[in-house]
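Mind having a look at this structure? Questions to follow.
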Amino acid sequence: MSGIRVTVWNEGVHERVDAKVRELYPNGMGAQIAQYLEKQPGIASVRVCELHHDEQGLPEEVLNSTDVMTWWGHKAHKELTEENVERLHKRVLDGMGLIVLHSGHHSKIFKKLMGTSCDLKWREIGERERIWVVDPAHPIADGLPEYFELPHVEMYGEHFDIPQPDRQVFISWFQGGEVFRSGCCWHRGKGKVFYFRPGHETFPIYYDENVLRVIYNAVKWAAPTGVKEITRKNVKPIENVFIDP
Amino acid sequence: MSGIRVTVWNEGVHERVDAKVRELYPNGMGAQIAQYLEKQPGIASVRVCELHHDEQGLPEEVLNSTDVMTWWGHKAHKELTEENVERLHKRVLDGMGLIVLHSGHHSKIFKKLMGTSCDLKWREIGERERIWVVDPAHPIADGLPEYFELPHVEMYGEHFDIPQPDRQVFISWFQGGEVFRSGCCWHRGKGKVFYFRPGHETFPIYYDENVLRVIYNAVKWAAPTGVKEITRKNVKPIENVFIDP
Amino acid sequence: MSGIRVTVWNEGVHERVDAKVRELYPNGMGAQIAQYLEKQPGIASVRVCELHHDEQGLPEEVLNSTDVMTWWGHKAHKELTEENVERLHKRVLDGMGLIVLHSGHHSKIFKKLMGTSCDLKWREIGERERIWVVDPAHPIADGLPEYFELPHVEMYGEHFDIPQPDRQVFISWFQGGEVFRSGCCWHRGKGKVFYFRPGHETFPIYYDENVLRVIYNAVKWAAPTGVKEITRKNVKPIENVFIDP
Amino acid sequence: MSGIRVTVWNEGVHERVDAKVRELYPNGMGAQIAQYLEKQPGIASVRVCELHHDEQGLPEEVLNSTDVMTWWGHKAHKELTEENVERLHKRVLDGMGLIVLHSGHHSKIFKKLMGTSCDLKWREIGERERIWVVDPAHPIADGLPEYFELPHVEMYGEHFDIPQPDRQVFISWFQGGEVFRSGCCWHRGKGKVFYFRPGHETFPIYYDENVLRVIYNAVKWAAPTGVKEITRKNVKPIENVFIDP
């Protein structure tokens, strides 16, 4: 591959209606993530798509020219059309990587890929989070310390209603008494899915170097690889088969 | 638990329209499975529900009094209403075990729980199948030989588009050159899901002692256990938390 | 099975050399666990074996009449003979369940079954632990609340150098900032292995109702099931195979 | 990383004592694998080490300058010294990738990393093998067709006594009636382990383009990534912890 083509999908609603969010992310959360990714090696291109764009930022041409998509949504999950969710779902099964961030746990596409409610506990008192690496061999942990801290976050707590991850990379500790499986990998069809917990509209999470590094590592991990052509149909047997009468 | 309450859900369409199927299963495939299960230890009750019953055999009272449901469907997957799929899905996440049989791989409920297409290859020349146990410690393999054979079957082949199973219990070999992950376990929420490949409307698969034993083992494995009450909401922190300014 | 035959293997060294431990567990930690288990339904027998017994408490007759063994050791891991470790290992692969408790993470048998160092972080300031259920459908979580607390414990922290668990049942939160995968399941051959973190010689952990309940649930989960006879040798092909020239 | 440093460890005994093997692999199986790998992009260097070399081909300098090692052994597994196995094991846990080929399933290092017997069934009648991809998203399947064939092989059959793979990439079909989990991934500590079944001293398996491609893909997958520094010791709590009295 000559480089990964990334689409940062950002809901873009909080930034428009909330001055505090706009102050933190003047060009939107998507732009902040995109400007980091586009400077990294191996990234061919990065574009930001938002809900208010044509076809909710998910036209066929965008999907077909995207290797990995990152997803941030919160307030407007319900506005995504079923048609767009269907199209996204097909693209993931066909090989597009998907990195779901923070409140994206309740997005239609993540719930459809998981097959569960994706419900969780939460609390917003600005407590401290420690993100521990529990799979130090994993490429998504590349270059990280054994744990890193975020000083003020919204808490997400277990039970997080997801399928058991194929690989568990991170587990979070919260000051107020909870744990959370905050970095989880799954394969779905020819595509890869990574859920990463950190991120919030009013804490400056996407300015944190470790958080950005994880997103970049995840983009590289989720880039399409593997088998291209799969047939699922009525097939012929191998030659010289003797069928018992 | 004083005994497992089983509901055998059977589409019941082939049996009505095809004389050959009726000859093989005069009372329907569901009845054949049910009459085996109801004689086994630890089973409190078994009832058969079919698509043409009230509310497609899935009224709230049935779901709420079912510990484990087995599912066989083929021709009429599309007829199941979205409302019933939704209700079934909630019941599984809330703890009801689900055993999906053979062509049930394309049922709406299985695809919703898996989050993938559940597509596969197939062929119908009556070839031989060998079902190998690859997890000999698993309760679903209890009392089985290390492999067993079915002399004439419809073939299902890889790639089977499912999430990686939490536990892979069986892998099938087919005379014509294919392999298939034919016994797969997943947890979804508080519920357990088992997919088991064997079963067909015109081969006498549900008369095979090993096949029936697997279904019984799976019913016991899938019976509700675990945590009853889970809260997913805004929660308070542990006492004595010092929040950094 | 007419009931599970349990052997509680207890190192039994701390109890002899340390008055504080003896006060807490006058008959040893093993006896405390055993007296709980023997009252539970489905348990046929419970015996306690200790390092200072004949053949280190692990004679062939004991292993061959044990369905599930629980293991607590700490000070004297090195004293176990290689011959006894070898014999234990074979018994687990042949179907005996093994429940490894707390400091047993560094026992020879656990390290041999895992294939890793099983190293971890630790701290002993009597801090609080919250044990969260992350797999609410699992039989080892049966009857538990969604989390439970131990007021004063020794901390164990990540990275815990184990193979990714086949199923992750519990994750611990510690007051001092760490998380730990504290309830982990693996299959090894025909046997099942469960590691459970809680337990310490000077905190009264094995008087806690939830801890005891987990050990009992784990004993039931780890009891032998599955395939009895497996051949691993040079085998004949299926009849009627045409080998290409 | 500026390129992966590969060591192809080859037992090198068959090639010396068996004219048929020498004819097939005049410079040894190791050289055949090495000459393929060294032409591939991203590979910095490839060297071949054999059992009869100094320190059995495993001196500290070799291990410390190897990113990924491939391993073929058969006749002489027992000759490897415990000291060398211990050193290899430490290097894998510390991050060196290990690709175990064919009869290497019974090598001391593989058995130590797995914690099981690694036993299996076998047969040598030169039957046909079909290797099916069951995880089409996996980087080790990159660029492969959905299955490929080897016309004449030694058969390996289930039950293969290994821990459940973290990811199952390939499953083999054999003409004579068996299946086999022939491509399996595990993480162990900071290292990655891949077992790949194909390969034999008297069939020209390591001339097959698909087999070589898998080995190359596996080398890239197993190259060290992740967290560099992990402390496992007595640690201090986070500041401002209130310990309950």
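As written, the chains take the letters A, B, C and D, and residue 1 is the first residue of each chain.
One rule holds for everything that comes next: a residue touches a chain if its C-beta (ideal position, glycine included) is under 8 Å from a C-beta of that chain, and two chains touch if they have at least 3 such contacts.
Quick caveat, the model's predicted, so the values are computed rather than measured.
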item: Chain labels contacting chain C and also chain D; value: A, B
item: Of all other chains, the one whose Cα centre sits farthest from chain C; value: A
item: Angle (degrees, nearest 5) of the CA superposition of chain A onto chain D; value: 180
item: A-B against A-C, pair bridged by the larger set of C-beta contacts; value: A-B
item: Euclidean distance of C-alpha centroids - chain A vs chain B, Å; value: 30
item: Whole-Å gap separating chain A and chain C, where each centre is the average of the chain's CA atoms; value: 36
item: Shared interface positions of chain C, touching two or more other chains; value: 128, 130, 133, 135-136, 146, 157, 159, 164, 166-167, 177-178, 187-189, 227, 230-231, 238, 242, 244
item: Category of the chain touch graph - line, ring, star, complete, other; value: complete
item: Touching residues (chain side chain A, partner chain B) in the complex; value: 93, 112-117, 119-128, 151-152, 157, 159, 161, 163-164, 166, 175-178, 186-189, 227, 230-238, 241-244
item: In the complex, chain A residues that touch chain C; value: 130, 132-136, 146-147, 157-160, 164, 167-168, 171-174, 177-179, 181, 240, 242, 244
item: Partner chain C, residues of chain B touching it in the complex; value: 95, 128, 130, 133, 135-139, 141-146, 166-167, 187-192, 225-231, 238
